[in-house]
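Chain naming follows the written order as A, B and C, and within any one chain the residues start at number 1.
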Amino acid sequence: MQSYNLNETHIVTPDEEIALSTHQLQVFYGSNHSMTDASLSFPRFQITALIGASGSGKSTYLRSLNRMNDRIATVKGEIMYRHTDINSRKVNVFEVRKHIGMVFQKPNPFAKSIYDNITFALKAAGLTNKKVLDDRVESSLKEAALWDEVKDDLHKSALSLSGGQQQRLCIARAIAMQPDILLLDEPASALDPISTAKLEMTLKNLTEKYTIIIVTHNMQQASRISTYTAFFHLGHVIEYDKTETIFQTPQIQATRDYVTGHFG
Amino acid sequence: MDEIQKKLVSPSKASHEDILGRIISYTCIAAIIILVVSILYFITSRGIATFTNDHVNLWRFLSGTDWNPGSLDAKGNPQVGALPMIVTSFSVTVLAALVATPFAIAVALFMTDIAPKTGARFLQPVIELLVGIPSVVYGFIGLTVIVPAIRQLFGGTGSGILAGTIVLFVMVLPTITSLSVDALKAVPGYFRSASLALGATRFQTIYKVLLRAAMPRLLTAIIFGMARAFGEALAVQMVIGNAALMPHNLITPTSTLTSQLTTNIGNTIMGTLPNNALWSLALILLLMSLVFNLLIRFIGKRGTINS
Amino acid sequence: MTPHQTDRVATQIINLLVAVVVLILLFLLGDIIISGLPHISWHFLTSPSSSFSAGGGIRDQLFNSLYLLVLTLVISFPLALGAAIYLSEYAGNNWFTGLIRTAIEVLSSLPSVVVGLFGYLLFVISFHLGFSILSGAIALTFFNLPLLVRSIEGSLHAVPDSQREAGIALGLSNWRTIRGIILPAALPGILTGIILSAGRVFGEAAALIYTAGQSAPIVDYTNWNPVDSNSFLNPMRPAETLAVHIWKVNTEGVTPDAVSISAGASAVLIIVILIFNFGARAIGNHLYKNMTGGK
């Protein structure tokens, strides 16, 4: 692999309302440094894509944003959300995750009915009114574009759905909590092209209400759906700018090689 | 600070729940640790009383052949020679393992390499069931079938090491078999195919490749069987004869550590020498089970297949 | 001999050894069932035992075994569950966890007679509980705990980590995730483990001789007050179980029909354990099918 100067970076700060930002975020697995000084700001109600090769640290970075790495890694630096550093030990992580939801690479519905998948966390959060729960199930399934396919068998096991449907159920489950921000970790990697197209449509529509940060290894996907894109390489953020800039006139050699496919 | 900001930095129902969960599971684990420590402590403190309170010489205890804790010998020392029980316990354990091992490994090979379908459909459930048969049932069959048969063939009472060995052989057979099956199944399939592809016969493959690769885990299986045999109480107690005498051959009545304990602990008074001497036998049992445990760990650590 | 002849001979030897084992198994099961079944009758199951005359039944022993089993599970299941949750969900990969695992292994390798004697020393004598169902249940708990902990931990471990992530990513506490998501998903495995351990507990005798005792006092099966001394539910009374009964009638040799009683009781023991084994499989499969929506 060609070696690049990892200190040569081009990172912009979007001139818009910022939903979430990190300052010099570092991640260590044991004594291994797997993420160095990532400082990024994510604009509100937009889709931001994180791209890069496997092992570039993009997933590690994403998972740090709602403290999913707490048990397996040490995360240093600041994560600012609503003027609060949510990476501080004093912060209530359960509360953080209610506002910053996450959807994973492999669909992971609970071994429960479709209805219970969505209501389980709502009930735990104290929502008990049947009518409100029903409404929340319907609206989140509609937002995730799954309602028409499952409305007649909400009490069927979620595990009987197809892979694409399961992933949209996971999105519905996350947005039923009415978060501010949705983190998606390669949500389409286990799906076929038709399901992927449906999922991308769904995501675009969701920007009306949510800020979305998505990790993807699929550059076409990034260019189709995101307004901003960050390129990660070997645990460093190399370039961050508007998506068209990243794909058409990248400033850094490593980014140029990656988006044109001359990489590695 | 708006409301959401406040919520972000203050504890919620979820954080209380999490503390509760930790308290519950930590308490359970603490209870188990306390339990293990107190078993070790109580049995040890009782077991050493023979030596600390009654001043019995440890060597004499381990090497003496006369067991009659209630009375003194010609020199005025208490008759607490545990050697007959120790010898008998080890004899039945080793003999049972020796007899059971070839059968167990043959059955395991049959189930994994010779006829896996018949093995899975028929032998597997039967072996599982046999592991679950209560030891008193084995003892009862030993008492009603094996002891009379030995009496017919060799004379005498029929009780003794031979009867104990046969009963224990049948008891440890399923244990060793099912662990051996696991051991053989853990050998990667490409070991077999590589050997067969080189033109080796099935037996050459089994003998030179499979058994060697699985050897550490097979040894562990045998030690597990021996640990079970060594600690087995009632089945052996029913067929061994329960006379605390040095065994002279395989068919005279004798006594194991466990059978001596079960027969007599209820008939002695707590704190007296006869009682303390029995607790010392229990301590030997405890120490031996620790030794078996260490052996299994030691072999297990050295014997992981690098693949 | 050529390698091929050796191969043939060796295979024949293995087949022969297997045949011998199969014969032993058939003989064992056949002996228990054939010599036991004729003695099982309604009268045998429902009349009290008698020490010195023939014709006694096993009513009280059978009930004691079941009652003891239930009490043991009531005590050991929550403890084992909590410990298994600790090991599979909270324990770090460090020396302390290693120590706990060693402790549990040591406990599981102790001979049951040693566990029984410890129960005798601590509960029967030091705590003055006497020979009682409670002492027996506690001793059996010690005996049962390590196995149950290991099987529950295995079932929890088999639930993919993605389920845990799904739960906490929704802002659920770890505890709520474990209780509401991981435990239900692990339930088939946990139940199978409990039922299999129940089979072991049901047949155990060595740990009970000096804890639950060797006598079965006549109790009143209509007295539902567990603190009454003659109530069948009183946990402070001595209680000889079926397995202990088989041992006792054979070693004391005062009961004239000891052999037929033991044969019948052994068959009952084996049948109950068979039911447990098949039940465990059936329930495990059924729950698994239900949960995955028949897929």
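FYI, a contact is a pair of C-beta atoms (placed from the backbone, for glycine too) under 8 Å apart; a residue touches a chain by one contact, two chains touch by 3 or more.
If you want to know which protein each chain is, UniProt gives these names: A = ABC superfamily ATP binding cassette transporter ABC protein; B = Phosphate transport system permease protein; C = Phosphate transport system permease protein PstA.
Fair warning: this is a prediction, and the values are worked out from it, not measured in the lab.
> Which chain lies at the heart of the structure, taking centres as C-alpha averages?
C
> Among the chains here, which has the CA centroid at the largest distance from subunit A's centroid?
Here the answer is chain B, farthest from subunit A.
> Could you see whether B-C or A-B has the larger number of C-beta contact pairs?
B-C
> With centres defined as the mean C-alpha position, give me the subunit A-subunit C separation in Å.
48
> Averaging only over C-alpha atoms, locate the centres of subunit B and subunit C and give their separation in whole Å.
Chain centroid spacing, subunit B to subunit C, equals 17 Å.
> Distance between subunit A and subunit B based on Cα centroids, please, to the nearest Å.
Chain centres of subunit A and subunit B, defined by C-alpha means, are spaced 54 Å apart.
> Could you list which residues of subunit A touch at least two other chains?
Those would be 94-96, 124.
> Could you check subunit C for residues that touch two or more other chains and list them?
171-173, 176
> Two-or-more-chain contact residues of subunit B, please, as numbers and ranges.
13-15, 18
> Could you please specify the touching residues of subunit B with respect to subunit A in the complex?
Listed in rising order, the residues are 2, 4-5, 7-15, 18.
> Using the touch definition from the top, list the residues of subunit A that touch subunit B in their complex.
Interface residues on subunit A, with respect to subunit B: 81-84, 86, 90-92, 94-96, 99, 124, 126.
> Touching subunit C in the complex: which residues of subunit B?
Going by the criterion above, the answer is residues 13-15, 17-18, 20-22, 24-29, 31-33, 35-40, 42-43, 46, 102-103, 106-107, 109-110, 114, 123, 125-126, 128-130, 132-137, 139-141, 143-145, 170, 173, 200-204, 206-207, 227, 230-234, 237-238, 258, 261-262, 265-266, 270, 279, 282, 285-286, 289-290, 292-293.
> Flag every residue of subunit C that touches subunit A in the complex, lowest number first.
For this pair, the touching residues of subunit C are 160, 162-163, 165-173, 176, 180-181, 184-185, 291-295.
> Across the complex, what residues on subunit C touch subunit B?
3-4, 6-7, 10-11, 13-15, 17-18, 20-22, 24-25, 28-29, 31-32, 78-83, 85-87, 89-90, 100, 103-107, 109-115, 117-118, 120-122, 125, 142, 145, 149, 171-176, 178-179, 196, 199-200, 202-206, 209-210, 243-244, 246-247, 250-251, 259, 262-263, 266, 269-270, 273-274, 276-277
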